[in-house]
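Take this structure, written in structure tokens, and hold onto it; I'll ask about it next.
Chains here go by letter, A, B, C and D, matching the order in which they are written, and residues are numbered from 1 within each.
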Amino acid sequence: MIKVGIVGGTGYTGVELLRLLATHPQARITAVTSRKEAGMKVAEMFPSLRGHIDIAFSTPEQARLADCDVVFFATPNGIAMHEARALLAAGTRVIDLAADFRIRDVAEWEKWYGMQHASPELLEDAVYGLPELNRERIRGARLLANPGCYPTAVQLGLLPLLEAGVIDIGHIIADCKSGVSGAGRKAEIGSLFAEAGDNFKAYAVAGHRHLPEISQGLAHMAGMPVGLTFVPHLTPLIRGIHATLYTRLKRDIDLQALFEHRYAHEAFVDVLPAGSHPETRSVRGANTCRIAVHRPQGGDTVVVLSVIDNLVKGAAGQAVQNMNLMFDLEEKSGLNQVPLLP
Amino acid sequence: MIKVGIVGGTGYTGVELLRLLATHPQARITAVTSRKEAGMKVAEMFPSLRGHIDIAFSTPEQARLADCDVVFFATPNGIAMHEARALLAAGTRVIDLAADFRIRDVAEWEKWYGMQHASPELLEDAVYGLPELNRERIRGARLLANPGCYPTAVQLGLLPLLEAGVIDIGHIIADCKSGVSGAGRKAEIGSLFAEAGDNFKAYAVAGHRHLPEISQGLAHMAGMPVGLTFVPHLTPLIRGIHATLYTRLKRDIDLQALFEHRYAHEAFVDVLPAGSHPETRSVRGANTCRIAVHRPQGGDTVVVLSVIDNLVKGAAGQAVQNMNLMFDLEEKSGLNQVPLLP
Amino acid sequence: MIKVGIVGGTGYTGVELLRLLATHPQARITAVTSRKEAGMKVAEMFPSLRGHIDIAFSTPEQARLADCDVVFFATPNGIAMHEARALLAAGTRVIDLAADFRIRDVAEWEKWYGMQHASPELLEDAVYGLPELNRERIRGARLLANPGCYPTAVQLGLLPLLEAGVIDIGHIIADCKSGVSGAGRKAEIGSLFAEAGDNFKAYAVAGHRHLPEISQGLAHMAGMPVGLTFVPHLTPLIRGIHATLYTRLKRDIDLQALFEHRYAHEAFVDVLPAGSHPETRSVRGANTCRIAVHRPQGGDTVVVLSVIDNLVKGAAGQAVQNMNLMFDLEEKSGLNQVPLLP
Amino acid sequence: MIKVGIVGGTGYTGVELLRLLATHPQARITAVTSRKEAGMKVAEMFPSLRGHIDIAFSTPEQARLADCDVVFFATPNGIAMHEARALLAAGTRVIDLAADFRIRDVAEWEKWYGMQHASPELLEDAVYGLPELNRERIRGARLLANPGCYPTAVQLGLLPLLEAGVIDIGHIIADCKSGVSGAGRKAEIGSLFAEAGDNFKAYAVAGHRHLPEISQGLAHMAGMPVGLTFVPHLTPLIRGIHATLYTRLKRDIDLQALFEHRYAHEAFVDVLPAGSHPETRSVRGANTCRIAVHRPQGGDTVVVLSVIDNLVKGAAGQAVQNMNLMFDLEEKSGLNQVPLLP
């Protein structure tokens, strides 16, 4: 059994990790830290875990995280970068669900995240955890940067097109819609039920932190920089991201075949039949990305629809998938949940 | 035109007052205070008011509230009790939408609200603003205690039964359900969309602050103390309260006629035809309480269903209704909104 | 492996059975019937099942249900009563998720369900499938009547009190709130998003079909008829039932201990610590009933809060639990889902 | 007072017309037809109208619509085209909220709407009712085609750019999100609360009926055909449309000034300050379109955000605005509702 520690178990990605790991056949949660809630049973804060998770929150000191095989950071940005080095030195692997190790360019990271990076020297060894893109590197990773939610949905939607080199990479548009849990379990006016309910809006059109992460990933796939317009929206869902991607074809190609072939062996990417419209609820609670590709009126504009559960394939589920790879387990281990519909 | 000041215009009852007063033909808003937002246009915080409200938030000092004819306190509990005395002395009338002046028994108030009352001497002159119960006293009021949302729905539902003396007053049950705006525009985890959405729960079963207010009102109607069990629930509505009231008949009576007769001349209480089930959305945005009365299987248990919009008849609308009475205006003035359905 | 047939796989209880059985270690779905959709892949209608359920809907004739070990009827009321006899004769066990075999009194059933019962002779052998009440009879059942959703939440909430004989059984009140999936996957105006969303209402106050089912169960527990007022409400949840139960204590007793002791060995009933308020989302997707018991202000009124997921413990999950008992499997087999929160 | 008839008062656009006209100072509703509900009080079906609308539904025969000054068709597509001719001949003006008279090209209309047009000869005189585009023609209209909801949001968002000739018209993208009331008050599985709630999806990517309407309008503004990709999405709102529009600038221009100048004198189009993100709830219940224009990272991609209430500016409100113009009333008459927030 893999001994797992979780730093920051009181947010949505934390409780989702707990949900998934509670029934993982090869992992055992040995510590969940929260300085503020130390001593309280985890299941007291999250009664959904009663009968599944018996341990209490502990302080980082009590937790002895260096004894774990792997530590997940389900923390705000800027925490893992301070603690990863010591854990790695002790031989513990680190999976950061925040953004500390996602951007290779330190200056770019510091610009978008508004703080100085505490461990720039670790960035070189950090592996970006999108298995469908770089599974082999993940297998050997000791420090894993788990992708953001929007970046996962967008990159998986564009990967086949970029690898095949069939689209105009100068003007890609990613119109993305996220449920409110994407804002985290933070007491903020804008995330209140009476604010976000029965309401729809775009936000951060001038620039969102996931823009450089997506751009970096797309450039990697294309082999050169891409032009990207990324507009996130808040929609009254609890969970779910829907990315609607627009790009222009440079030459004729069977798009359906391209996507089906690219993802034929991917357990967690499901290319829907031609003409489909994936629903966010069709992946609710599951580590799946469902994709459909369209070419309206037979024109040169490609429309890709890509949905994930932001807390699973967009966060905790992908982190478990990465853990499975890092520890040479069956990639699907513990991730066989059937989506909850309705 | 009545000159109106609003203290605390950044919460839900505040913005609702602004919505209603913006089109009130005999009132003019001259000041909206918020120490924190002073200088910002009100419509910048609430774009729904663009084109309707042009003034900016001001500090209490700038606001010169004593020049107003009436000041509404749309503030947390414990604010109005500090400021009412000076305003009253200046001849300005005061309508408190919070709880400072609702409970006549100071000790009881202090027990439930956990603070010392700053102006107990004002309680005697304060008038409880439920027009259907004591319209005449409201007309002469200088300090008005606007009822709470649950208390309005419950009291209007029980008033005909208690006045008629036809029920067992020892064991009344009020099972109430409120939308999330009832918790206010406060950054709290429990009111987040991802917490309160797709979720239903009871809260404060051991004792809620509206219990003594309701009990006081019911006792007033019955002429003696009543036994009340009050259980509030949080339901994923933005607006709306549904009170389901259970009591036992002491003698046979035509319940439908009783209710229709009692409210025949009330503009804001609508008794539905026998067999009806009022929906919260049927009063969304309007100052109306809709009521239906049932006697399931012809037994001795009476079931009253009473719905209001917690922000209108349960707060800002009733406050405007009270203002109309206090200033000898048409009681319905400015309150002719048709509910928004769907 | 148990061979399972499902009649009526296109409604919400049907798709929920499919979700649960898809990962059940000892069951294999061999047929899902739908005359209308015969030939269509089940996962084409419910993309959430892609990768989990590979079979197509079949006609009843193609399905050869008599070859199954057990057939679940996830059909409207009045279907199973026509088909159960032949299946039972063939040695196939039957679990009816509808109401055909729930009420022992045929005349009562026919009054509430508005049709003639097609197989009254089967009622005697039919077993009411509330395991916490009559587990041993379920083990031997060949025809199982799976309880309704409201009846499950209410009966589990009152069982300890009635068995202990500590309450006044003349005037029990069950104020129940259900999510909209409880109305089924039927095209009806009242269940539309724009009708049921942001709206709360009571319905069927004059009499709901679950009333005789609950009354029958409570009478069984009490050993004599009980007086029950049952008021169902529709609340804007997708899943979930919250029952708020009011009854009067006849004598002093440690309620918390009573409930904890009664359910100490029940895997699917969770008595929360004193003072708790169970949330419907804490059981979302799981076969769990969570209960809290209160005695507000120390009076003689007991308030029990009981929550279930109407599609799981209130329907498909309880049906699987019953199947497990009927086939001598581990009672929890296939029912280890962690609730989905948020 | 203008005598108003409404054909089809049982759908969402019908009840919204009733809500708006109930308080219109210069209009009186004299007939609301519904063959199915004839005889039933309108307020019995829609209790929100109790106290505001007293008449009952009537059959078309009883209604004597030709005696009205204006008749609104709040009907499905394909009804008004059969009845308009006789009304027009009688001197009654007609406002069709459906699509019968929106498309000038009969063949195009018949292709998208799948039926033969019953009155192609009326198309020439029909006026497309987007006041911001062709107010003068509306003033003289006898047969008015009220625009669709998506077309209103999209056309108002692009109008300044197209009139100014500053964008590449070959590849415009309209990514639109609609609340569920846009699907009408029809009993359909896909619009159920348990289907559309907590769910997000695109639909009709291959081609939606509003595509030719939008294309026709944009071509009119540009003076030549435009290339448009239109992707509608269903989002769990009751009301509201959010259009996110992407286009490429051909030359540098002050976008904020362009929009502000174009709409400076429009009562119902509100250009937000630079950097804003309009919310759908900021127009809930009001006849307002709010627009913000962005140029992310200073590139050549323009992003326009445009929100309306699909039932008001997207349907009934715009119809009343058109009626006001046609009868030479104050354009804002009866349309002064303050949006309902929260």
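One rule holds for everything that comes next: contacts are C-beta pairs under 8 Å (C-beta built on N, C-alpha and C of every residue); 3 or more make two chains touch, one makes a residue touch a chain.
Everything numeric in this text was worked out from a predicted model, so none of it was measured.
If I average the CA coordinates per chain, which chain comes out farthest from chain B?
A
Taking contacts as defined above, which has more of them, A-C or A-B?
Of the two interfaces, A-C and A-B, more C-beta pairs touch across A-C.
Could you put a whole-Å number on the gap between the CA centroids of chain A and chain D?
Roughly 39 Å separates the two chain centres.
Could you please state the distance in Å, as a whole number, between where the Cα atoms of chain A are centred and where those of chain C are centred?
36
Quick one: report the Å distance separating chain A from chain B, using the average Cα coordinate of each chain.
The mean C-alpha positions of chain A and chain B differ by 45 Å.
For chain C, jot down the residues that touch at least 2 other chains.
Each of 12, 179, 181, 185, 194-195, 197-198, 236, 238-239, 278-279, 281, 284, 342 in chain C touches at least two other chains.
With touch defined as at the start, can you tell me which chain D residues reach chain B in the complex?
Going through chain D, the ones touching chain B are 12, 15, 19, 22-23, 46-52, 181, 185, 197-198, 238-239, 270, 272, 276, 278-279, 281-286, 288, 290, 336-342.
State the interface residues of chain C toward chain B in the complex, per the touch definition above.
The contact residues of chain C facing chain B are 171, 173, 175, 177, 179, 194-195, 197-203, 205-207, 227, 229-231, 233, 235-240, 242, 244, 246, 248, 275, 277-281, 284, 294, 296-297, 299, 301, 303, 305, 307, 342.
Touching residues of chain D toward chain C in the complex: what are they?
Touching chain C: residues 12, 179-181, 183, 185-189, 191-198, 236, 238 of chain D.
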